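In the two assemblies presented below, subunit A is common to both, partnered first by subunit B and then by subunit C.
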Partner chain A sequence: MEKKSSSLANLFLLFIFFILYAPIFYLIFYSFNSGGTMSHFEGFTFDWYRELLHDTRLLIIVLNTVVIALLSALIATITGVLGAIGIRSYKRRQTRNTLLSLNNILIVSPDVIMGASFLILFTMAGVRLGFYSVLLSHVAFSIPIVVLMVLPKLMEMSSSLEDAARDLGASHWNVLTKVTLPYIAPGIFAGFFMALTYSLDDFAVTFFVTGNGFSTLSVEIYSLARRGVSLNINALSTLMFVITVIFVVVYYYLASRSGTKGANLRR
Partner chain B sequence: MQNKTFRNLFMLPYALWIIIFVIAPILLVVYFSFFDINGNFSLTNYKNFFTATYLQMTLNSFWYAFLITVISLLIAYPTAYILTRTKHKQLWLLLIIVPSWINLLLKAYAFIGIFGTHGAANRFLEWAGIGSRQLLFTDFSFVFVAVYIFIPFMILPIFNALDKLNPSLLYAASDLGASKWTTFRRVIFPLTLDGVKSGCQVVFIPALSLFMLTRLIAGNRVITLGTAIEQQFLVTQNWGMGATIAVFLIIIMVGFMALTSIRRRGV
Partner chain C sequence: MAKKPIIQFNHVMKQFDDDAPVLDHVSFEIEKGKFYTLLGPSGCGKTTILRLIAGFTEATSGDILFEGKKINHVPANKRPINTVFQDYALFPHLNVYENVAFGLRIKKVKKADMDAKVKEALSFVNLKGYENREIAGMSGGQKQRVAIARAIVNEPAIILLDEPLSALDLKLRYQMQYELRELQRRLGITFIFVTHDQEEALAMSDEIFVLNKGKIQQSGTPNDIYDEPINRFVADFIGESNIIRATMIKDFLVEFAGKQFECVDQGMDPNEAVEIVIRPEDMEITSVEQGSILVTVQAQLFRGVHYEITCMDDAQNTWLVQSTKKVNIGEKIGLRFTPEDIHVMRLNESEEDFDRRLDAYGEDENNAK
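So, the complex of A and B:
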């Protein structure tokens, strides 16, 4: 397209960027406020950050969140990669499409429905609400994303590569570990990363399936925010913003290397 | 064949996932919708759903979701259009996406501060001579924050569609004497309709089910289908009614997907 943008268009774009970023920087700005509210800036302080670091309960919650994210992403990646390889091995188009539609159900279904139905499921199955129910649901909603990130890479791989390996006497296991997995590795990393961010970001599903004793960061922020403004949350969000930006940079680096176009379907 | 057993081994965890976390939850939701609060099999929930209160709520929820989708589209389309004409468009696009990676609850929390009685928004209104007023806990703030959250998700698919547009089509249109508006109406918009549709999909369905926003920002003044489901499951503990509303939300979702379906290429 022609590279001509009027000043009016630039102004509009500037306005959109302002709207998008102003609330975030508003939060960050007041995290340094000694006043204790989000409206009057009295003086500069690091108190809220100090308080954050001494809040053991919160640190445990952060640890929970990270453990859940890493574990669920790992399990989801393994299951998803195996599933994607399985899906590819079906030669009939219809079978593949059916599997893919089933795969995508959880991606399109609203969080509330997922949360509510998982709550019923765990109660029926007798799983106690807490760490395991949260972990299982995070694994459950991450698997389809991993499949979607890995499958294009698999489809792109020519099957003659595997045929050649087999002709040369490689076992199934060797073909998998020496040919297939290295080829689709960028897709696997991208999938793992997406699963990680989905898990870290999730609130609604966790809110439904978490019991009394267990909490993740999102759920904790929700219950704090319902009680009103406290600048602890601002300090926390500043730290999370910095971590998020690092994540985005790493993710885009991985995605540009793997060439998968993902990240479009975020809730 | 040995190949097949190998494949079945691969598919086992994935197939288990499909059965336990995709198919079973949906069946359980449908099953539970047929039980009243005392655990008796009945159609009471469905009868209740078709009373004025619930129909009114469903309509309201629809109206808000519609409003949110339309406003997001009206802001996102020009933004995406201008973005495709900037020099470093991938970088600008990345900057648009970054806010969408930030935890939704933190963004909502920021608006509790901004829309608060002494917050930035009210100070701006005072400065503009309009005078401060109650902003938080109104339906205006709910729609505003929801649009804020969804804009990046709307921009992304539209940007991709606009970016794929062949510029020679635009040259042809102007060579044939079409005005800018005619070109937009007859060439650009129809060709980017798929992007608009998938943008509407990622906004409309979550907009029906966001319950944390209604709780935090709208202070229970807005009840969406999502809020109602959360209320029934976690507050009232009437799972049957919650499941019934969930069934209708699923039906609405499937209907909306069919309405805005695009001819998708296989992955």
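So, the complex of A and C:
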């Protein structure tokens, strides 16, 4: 009886995953179609990928996306780590929880609202829409994520470690670089990779704050898809999917290496 | 006495927020090269005193002096004092060598010197050859030794140890007690050791400070504190004891359990209400005729080395006796003790008054001998 129901559950799970991944694999599959449509498969080709490589406009957009992702993740990680250290330094529980809630609200609030509010802010402040507006908004929505990844590690660290370092003659700067940062490094890496993936595939916020002449991949794909179907998009999406998968794998590798105990428990 | 104390507390008060003070006008002196123990129940302020000496926290009022100079506001990294933490606080991302070398690296000691010093410190704590071990792969006792090595390698003037043995099993704890004491003798560094285990304190210390509720109750050598506890708290906390209400009839004569006994204490008012202490191991079980007092056996526990016997006298006082002889429950026995075994305590006597009284009468006691 029990066995039956669990195999049923497995089947259901498989079905769900199939539905979730089917469109992606459908899209990937036709990116190798020489026929030029997504209705029937004629023959295998790398033509679309080749075309992609010769499309300099698109390559620049890819470059933009990557630069924005790396830069925003970097800035957000530095700011987020400092923020987390700041939150921890508040002795009063209530202050700490308030700050943390303010942080979490930013994560759960809808991207569209974030994007719209950034647009209003940038317009009012007179910031030209383009590279910097996108970078700033990506930094802004990544910081709360980094804080959320780093804070648990910081909280877990016994304060006697820092006392011990001070006791052994370390200045505040030495304590930070030789004890605190190495201790929370796994959290920092996790936060960086999360910020990176969020930035890479963000559409809603970016859509609001890109101006003329500057675009990121997700926004570009959206506009291409609206103009009409080209298997270029399929090829591009496939590449993005692969890159995302690689990031996720790297992230899990780092996370499981740092928290072997937690992983064992879950197993 | 002429030697300048290495650490001195002058009426140090420590208060968190608006709570009652954690330390209440604590004053004491620490001499160079001795093994000191802070002993007291949980929450009495032992860790707070260590944190004040180490510089992790500042006193609310009062002065802390190091070799005569006020150090209230000197930060922890500028004090020649190192701490062995209760949870060891070893750096988990560094191996044994790097943990021990941490302080030397901060001081930018040359590589060759550093190697030699780390090696020496590790061999001091019997951890030769453990340089490349990760901290996670060490046992509790080994971690504790690394923590000690990390402190001694800096050659501090004082080492503070916050209940470093409490996490170890009994056997290892005894072994480490010997090793720590031995280490302190060899190094000649001042140790300030915190524990709530009275046996540990008695076994290891040159001098003990007994603390309760943020106040020093009594300080002295293990023998002084054991033999002449100043009040009920100290007598009760240090070892097993029989504490009985009594009346001091006059010098050298005290009355309890309905009888008068000769004793060696003096300097109280005539007919003053006092308490007396007799240690369970000081009493001898004898026949009814020979006993100083008469009691009925109520319970008996076998403790391995001896029997622990609970008795009651006719005045309803409970007596705890240790004896290698077995008795029968319900049996009437005599307990014998000498005048020296009775220690009289005045109610609410401060340590200063206690010392003054002893000093005032110490003279003629010596003359009498």
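Structure notes:
Simple rule for what comes next: the second predicted complex is superposed on the first by the 247 of 267 C-alpha atoms of A that agree within 3 Å, B and C clash if a C-alpha of one lies under 4 Å from a C-alpha of the other, contacts with A are read in each partner's own complex, and residues count from 1 in each chain.
The rule is short, and it goes like this: a contact is a pair of C-beta atoms (placed from the backbone, for glycine too) under 8 Å apart; a residue touches a chain by one contact, two chains touch by 3 or more.
Everything numeric here is computed off the predicted structure, so don't read it as measured data.
Applying the stated clash criterion after superposition on subunit A shows that subunit B and subunit C can sit side by side.
When the shared chain is aligned, no partner comes close enough to touch A:I107: not subunit B, not subunit C.
With both structures placed on the common chain, the touch criterion links A:A170 to subunit C but leaves subunit B unconnected. Considering which of subunit B and subunit C touches more of subunit A, the answer is B. Contact with neither subunit B nor subunit C is seen for A:V66 once the two complexes are overlaid on the shared chain.
By the touch criterion defined above, A:P182 lies against subunit C but remains apart from subunit B after alignment on the C-alpha atoms of chain A.
Using CA centres, the angle subtended at subunit A by subunit B and subunit C is 100 degrees, rounded to a multiple of 10.
When the shared chain is aligned, subunit B comes close enough to touch A:S39, but subunit C does not. In the superposition on chain A, contact of A:A9 is made with subunit B only, not with subunit C. When the two complexes are overlaid on their common chain A, residue A:L74 makes contact with neither subunit B nor subunit C.
Superposition on chain A leaves subunit B and subunit C with their closest Cα atoms 10 Å from each other. Partner subunit A is touched in their complex by these residues of subunit C: 54-56, 75-77, 81-83, 85-87, 89-93, 102-103, 106-107, 150, 154. By the touch criterion given at the top, residues 1-5, 9-10, 12-13, 16-17, 19-21, 23-24, 26-27, 30, 37-40, 78-80, 82-83, 85-86, 89, 93, 96-97, 99-100, 102-103, 105-106, 108-114, 116-121, 124, 136-137, 140, 143, 147-148, 151-152, 155, 172, 197, 200-201, 203-204, 207-208, 217-218, 221-222, 225-226, 228-229, 233, 237, 240-241, 244-245, 247-248, 252, 263-267 of subunit A touch subunit B in their complex.
Chain contact summary for the complex, subunit A toward subunit C: residues 158, 160-161, 163-171, 174, 178-179, 182-183, 185. The part of subunit B that touches subunit A in the complex is made up of residues 2-3, 6-7, 10-11, 13-14, 17-18, 20-26, 28-29, 32, 75, 78-79, 82-87, 92, 94-114, 116, 118-120, 123, 148, 151-153, 156-157, 160, 165, 167, 170, 201-202, 205-206, 208-209, 211-212, 215-216, 225-226, 229-230, 233-234, 239, 242-243, 246, 249-250, 253, 257, 266-267.
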